[in-house]
Amino acid sequence: MVKLNSHPAGRHFLQIPGPSTVPDRILRAMDYPTIDHRGPEFQALGKKVLADIKTIFQTANPVVIYPASGTGAWEAALVNTLSPGDTVLMVETGHFATLWKKMADKLGLNAEFLGGDWRRGADAAQIEARLAEDKEHKIKAVCVVHNETSTGVTSDIPAVRRAIDKANHPALLLVDTISSLGSIDYRHDEWGVDVTVSGSQKGLMLPPGLSFNAVSDKAIAASQRAGLSKAYWGWGEILEANKNGFWPYTPATNLLYGLSEACDMLAEEGLQNVFARHQRHAAATREAVKAWGMEILCQNPAEYSGVLTAVVMPRDASGQHYNADAFRKAVLENFNMSLGQGLTKLSGWVFRIGHLGDFNDLTLMGTLAGVEMGFEVAGVPHQKGGVLAAMKHLTATAGNNEKLAKAA
Amino acid sequence: MVKLNSHPAGRHFLQIPGPSTVPDRILRAMDYPTIDHRGPEFQALGKKVLADIKTIFQTANPVVIYPASGTGAWEAALVNTLSPGDTVLMVETGHFATLWKKMADKLGLNAEFLGGDWRRGADAAQIEARLAEDKEHKIKAVCVVHNETSTGVTSDIPAVRRAIDKANHPALLLVDTISSLGSIDYRHDEWGVDVTVSGSQKGLMLPPGLSFNAVSDKAIAASQRAGLSKAYWGWGEILEANKNGFWPYTPATNLLYGLSEACDMLAEEGLQNVFARHQRHAAATREAVKAWGMEILCQNPAEYSGVLTAVVMPRDASGQHYNADAFRKAVLENFNMSLGQGLTKLSGWVFRIGHLGDFNDLTLMGTLAGVEMGFEVAGVPHQKGGVLAAMKHLTATAGNNEKLAKAA
Amino acid sequence: MVKLNSHPAGRHFLQIPGPSTVPDRILRAMDYPTIDHRGPEFQALGKKVLADIKTIFQTANPVVIYPASGTGAWEAALVNTLSPGDTVLMVETGHFATLWKKMADKLGLNAEFLGGDWRRGADAAQIEARLAEDKEHKIKAVCVVHNETSTGVTSDIPAVRRAIDKANHPALLLVDTISSLGSIDYRHDEWGVDVTVSGSQKGLMLPPGLSFNAVSDKAIAASQRAGLSKAYWGWGEILEANKNGFWPYTPATNLLYGLSEACDMLAEEGLQNVFARHQRHAAATREAVKAWGMEILCQNPAEYSGVLTAVVMPRDASGQHYNADAFRKAVLENFNMSLGQGLTKLSGWVFRIGHLGDFNDLTLMGTLAGVEMGFEVAGVPHQKGGVLAAMKHLTATAGNNEKLAKAA
Amino acid sequence: MVKLNSHPAGRHFLQIPGPSTVPDRILRAMDYPTIDHRGPEFQALGKKVLADIKTIFQTANPVVIYPASGTGAWEAALVNTLSPGDTVLMVETGHFATLWKKMADKLGLNAEFLGGDWRRGADAAQIEARLAEDKEHKIKAVCVVHNETSTGVTSDIPAVRRAIDKANHPALLLVDTISSLGSIDYRHDEWGVDVTVSGSQKGLMLPPGLSFNAVSDKAIAASQRAGLSKAYWGWGEILEANKNGFWPYTPATNLLYGLSEACDMLAEEGLQNVFARHQRHAAATREAVKAWGMEILCQNPAEYSGVLTAVVMPRDASGQHYNADAFRKAVLENFNMSLGQGLTKLSGWVFRIGHLGDFNDLTLMGTLAGVEMGFEVAGVPHQKGGVLAAMKHLTATAGNNEKLAKAA
């Protein structure tokens, strides 16, 4: 029989860009007996989490919570707002944007993909130009990934919003925040997003198993005439049942316990402080990468992710990249740390450092030390000093999270 | 702020017919740190649960595990095997069969509903007759609920299988075992079922959040030409990734920890012993109901459920049923026990006693005492002695679980 | 390897008179990472539990908390207040009073034992008479067990206090409340007790591992001249360190987490409600015992325990008691319930039903059903109807906990 | 109300030299319902832990387990083997040796203290000389601390044994291994120790609350004539009850669950591998200290502790040490890490880094980065490069734990 959770001594460092480390408070909150999902105690829980989650999306509108992984919430965003054959404009920012595009194809949509090199975010000017061309308004939705988990590149959502507005185009704006929500500043209402897709296992610090659609009034209106078939994902019955704190089917009660605790934790720290903490750790990580003489995958500093940093492996004399997966394996076996792999196009030559969720300075230092020692052990050429550079950044900004947040 | 889990003194009795009480071993198993869903430790877990779950469905074929509630697995069974406009034959055994039928409608299927009075299981002869009529084989699937959670009535799945075979009809057989799997004997392969739908929160003793499709080769073949649009629910990519113990999207890792433990627990007790235990508790419960002078909703003793017993409230002088929900409220407030409500057609005049999952003789006795005391407190006329009758049944069969299992 | 926690299906009924069932909230509270016992977070915890625990003893004076079982707190009470050769007057109420007496002997005290038949509490008149005789005040302390866990008999502590006062005797009053604290009304200050001994695993609903000495000013004064050697148990350094929320040695941090939660739970329910709940369950249990035609060990109704009921096994034709341990074994094996055994003098002919701690009506009914079914299975002659009688008592008083408390 | 466990983001680094970080497996093991301490399930547990714990002490003799902190086990070692007025020879290795000495005084022993400067271990030659002088064998026991938690200095126990033997002296050898057991190689039988004292919260990775006496036959013989009064600590009844897996009083059941798991974990890793891991981390820590240009308190490299490293704060121009506590406070507030304080004689000018228990390379690196960054933030002059030096040591020895163990 498989023996689970038999890690070697000490805590595993789970430095993939999600699932992030689930804090003890959340694990314990989830460890309570399941209750009657139609009773008054559940109702109080339901009402609380439905109210709390709005603050995380920075919206006054409803947020639909699914017992599903983030992929499910992608599907929900599409099937609730679109009809068979509808054209949607999607932006190739990386692996996950590509998966979402493929999903749109499978669901019978006509998904137009604005090509990209996986090293930059969505180009608002390009979107504006494409929409301006679309005089007949065939494009029903623009879909953008806020933080590309595969690349460590963010896209400027307010700029995308402005692009749509400048083109005077009625398309809906659908945004994936699976790996940014609760870690990078994100404002559903202020930024005029119609459907925000997210998941539980990143900034919300929960295990995977819940996903979300924050919806605008315009999205709800669209859902009433959208023709794609749907049942499980349909917003209508859920929003109706949610009014009383319930769900139309059995919800994932224990994950909702965890969600309640997660929202409390984020509120205790203060969302703006949480965002500042992530930015600071990301900056320290980039200092390390630069000191190692390595290249950050993301090309545009304005688009650096606060959640993860994707690193390009150096090349050998023949111009070939050192193998990222052999390196990650060495790190796992020698230092009990999981790093994120390069996905599809990035496979073998990129690895990703997650620095998100319930995370602090010393865990970051353990992480970066593991990377630097991993280079050594795996024979990857690098300059020493990455760890030192990160420490320098952290000490220079120590204790300043709150101040940074206020300045932001 | 809502204070969760602030039940009054002592353990809550969660005697709804699911979610069932989650045992401590499973809660603790789920309380471990989330791991990298693409790493070797996860892979071992994935392979284990994918193998274990087959034994629960009594199948040698694959079982697809979704991070979703049971409703999602209903949808998965339909969208993987059927095409828009396909006719499906569904059987009205109660509230959940009706919901499944409505889902089929929403998904663009032509769902034919064999009417029923919610007090009997599926009528195999009626199914056979309808299929025999269908010379053109327009009917692509027959959908039956094995254990109607709303009524406490089971349907004879082997008989349904024989009906299809006798009619020489190629329709697929889709069976919902959401509230029977792991509690009532169920054999996916031996009974020739094509898709078995199930969920985590009943006989598997897990919190809600996982659901299942066990699939036959015929179902897999059907899935390759089925035309309903699907992405999240598509079996293809999942089965492919499962070969290596992984999933195409982030699985609900912590619920999988729980599933692993649940399978271990069922194996330790022995599936046949588990089934015998449920039958014995159901029989004791019926003894109590009869002694109270109450009516069991299920009309056919051969179809009594081992998982729950639905009870008809007595009538007053004017022929009106005493109110079931007022009674349940009295039980909850006075005795800290949740009972199942009557759903839709049964609302107000039926309540349900769940006796499933991680459950034993004394918990059953606490449950039945709570019902009998609830009658008293709520002023529901009844004969004393239900508790005594159940005790008589339990003592007469005490310590015989293993023997009963062998005799079965 | 031993497989722990592999109970058969369903929750074990732990109906010994302590350790009582530890509620989920407390288990989870204890499951947090251990912290620095000299840091500010610990300090806040220390101050909280040191304040909270006073409310449970109903004292404004300090309470010393030991990482030890209750036996240790017995020793602490003696070694802190007495000198080698001191005479102490102890009262033979049962097994535990006898053990405390033996401990006094071992520690070099001259323990005088007022004999008893283990079926009655301490006789205040007898104590008064003995003290009145002691003109030279050789007796330095009177030691009484408030609730004899071995017999289910309580002693009237205010009456003992009055006896000492009437005799104008300076002896200290030492009281063991190991199995009564937090379950039966007990007032350290109002009743003029000098040292109250208690433990964590009964009314406080914690696992065993903490024990207590609540102390009067007179006891503290005595401790400054007491000559018995002591180190670990010495109050002085502990009280000094406690002023800042710390301990002189490493305290049992995780049990203190649990204690904090336990005090919160008792405060939420209200101590007087907790006491009334225990009395009501004890009364229902006695109704059951009487209906079975069995004898309650405790002879004086005024001294019935609210925490446990000791039951005398019936006699066969030859006048011999049916074997209590064979009966208990049958209950454990058939119904997964632990009952308390008869200790020393009571061995084999008495068993004990614990009804304390985190306990409610339905758990009591499961318990009593288990006893009644156990009689049947083990062939112990009894009248049916105990369970019914208890139900009658519970329904007659249902929902009245709060009212009962107010009337008390 | 105090809010516990509200650490800022991320896991706290508990780098005091004990309590050490309790691993998740142990916390979860302790989180199971308490069971009947006189029932068969407990008996299996009792037998298992009593057998397992012997392997950790490397003894074939019994080990007594107390529900108490380590201080209690010190007292137990003395009161079981000695009589009032007995002379014991103790060695001043640091704060804890001094506390043990004071305890001996309080218990009425004549404790002779071989002075020391808190920077060296016990001097075997000095002990031999003193024993040789003691022609009348007034000295009944020699008491040594194996690993001084206050100084990071170990004492050579086999050398002390040889010293006693060379002096042909019958004194018992009592050794405190509270902070070494399960972390530094220790052999109760092979080294001829009579009583080994230990505790749960260091190498055993448990919360505080259990402590131990491993006993030799000679110690047991001594206990039968030892005259110090004892009750709770008395070995006799405990050893008798332990034969059947039980205890004479209610044991700390949930901590025993944890002990069972801890022994499993140590066995899985292999005790020799555990020791080698600690030595490697200690060596890496010393590399860091040296690189910072700081002084290690321990003067003799042969006596370096594998469990903690005590560091002397540098001096300013006036020759005054920078304040260690201000530094520790800066580390706690800025980097969420607890370091050990300097105790009594070492107060203010020494701090301690714990590197014990459930600990790995990256947690060590986080720890050392926190120290180095703390120097910076607190304005403590130091050379950069400590972290780098430790990384160099770790990479040079990566993956070699097993090999190192074999070579040892």
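Note that the chains are named A, B, C and D in the order they appear, and that numbering of residues resets to 1 at the start of each chain.
The definition used in the following text is that a contact is a pair of C-beta atoms (placed from the backbone, for glycine too) under 8 Å apart; a residue touches a chain by one contact, two chains touch by 3 or more.
Chain identities (UniProt): A, B, C, D = Aminotransferase class V-fold PLP-dependent enzyme.
Keep in mind that this is a model prediction, so the values were computed, not measured.
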- Query: From chain A, which chain is the farthest off, judged by mean CA positions?
  - Reply: C
- Query: Taking contacts as defined above, which has more of them, A-D or C-D?
  - Reply: C-D
- Message: Centroid of chain A to centroid of chain C, CA atoms only: how many Å?
- Response: 54
- Message: So the centre of each chain is just the mean of its C-alpha atoms; given that, what is the distance between chain A and chain D in Å?
- Response: 44
- Item | Whole-Å separation of chain centres (CA-atom averages), chain C against chain D | 35
- Message: Could you pull out the residues of chain A that touch at least 2 other chains?
- Response: 5, 11, 21, 24, 28, 31-33
- Touching chain D in the complex: which residues of chain A? 5-6, 8-11, 13, 21, 23-25, 31, 268-269, 274, 277, 333-337, 358-363, 365-367, 369-370, 372-373, 376-377, 384-385, 387-388, 391, 394-395, 398-399
- Note which residues of chain A are touching chain C in the complex, please. 24, 28, 31-33
- Over in the complex, which chain B residues touch chain A? Could you list them? 1-2, 4-5, 7, 11-12, 14, 16, 18-19, 21-22, 27-41, 44-45, 47-48, 66-72, 74-75, 84, 103, 106-108, 199, 201, 207-209, 228-232, 234, 248-255, 257, 260, 264, 332, 338, 341
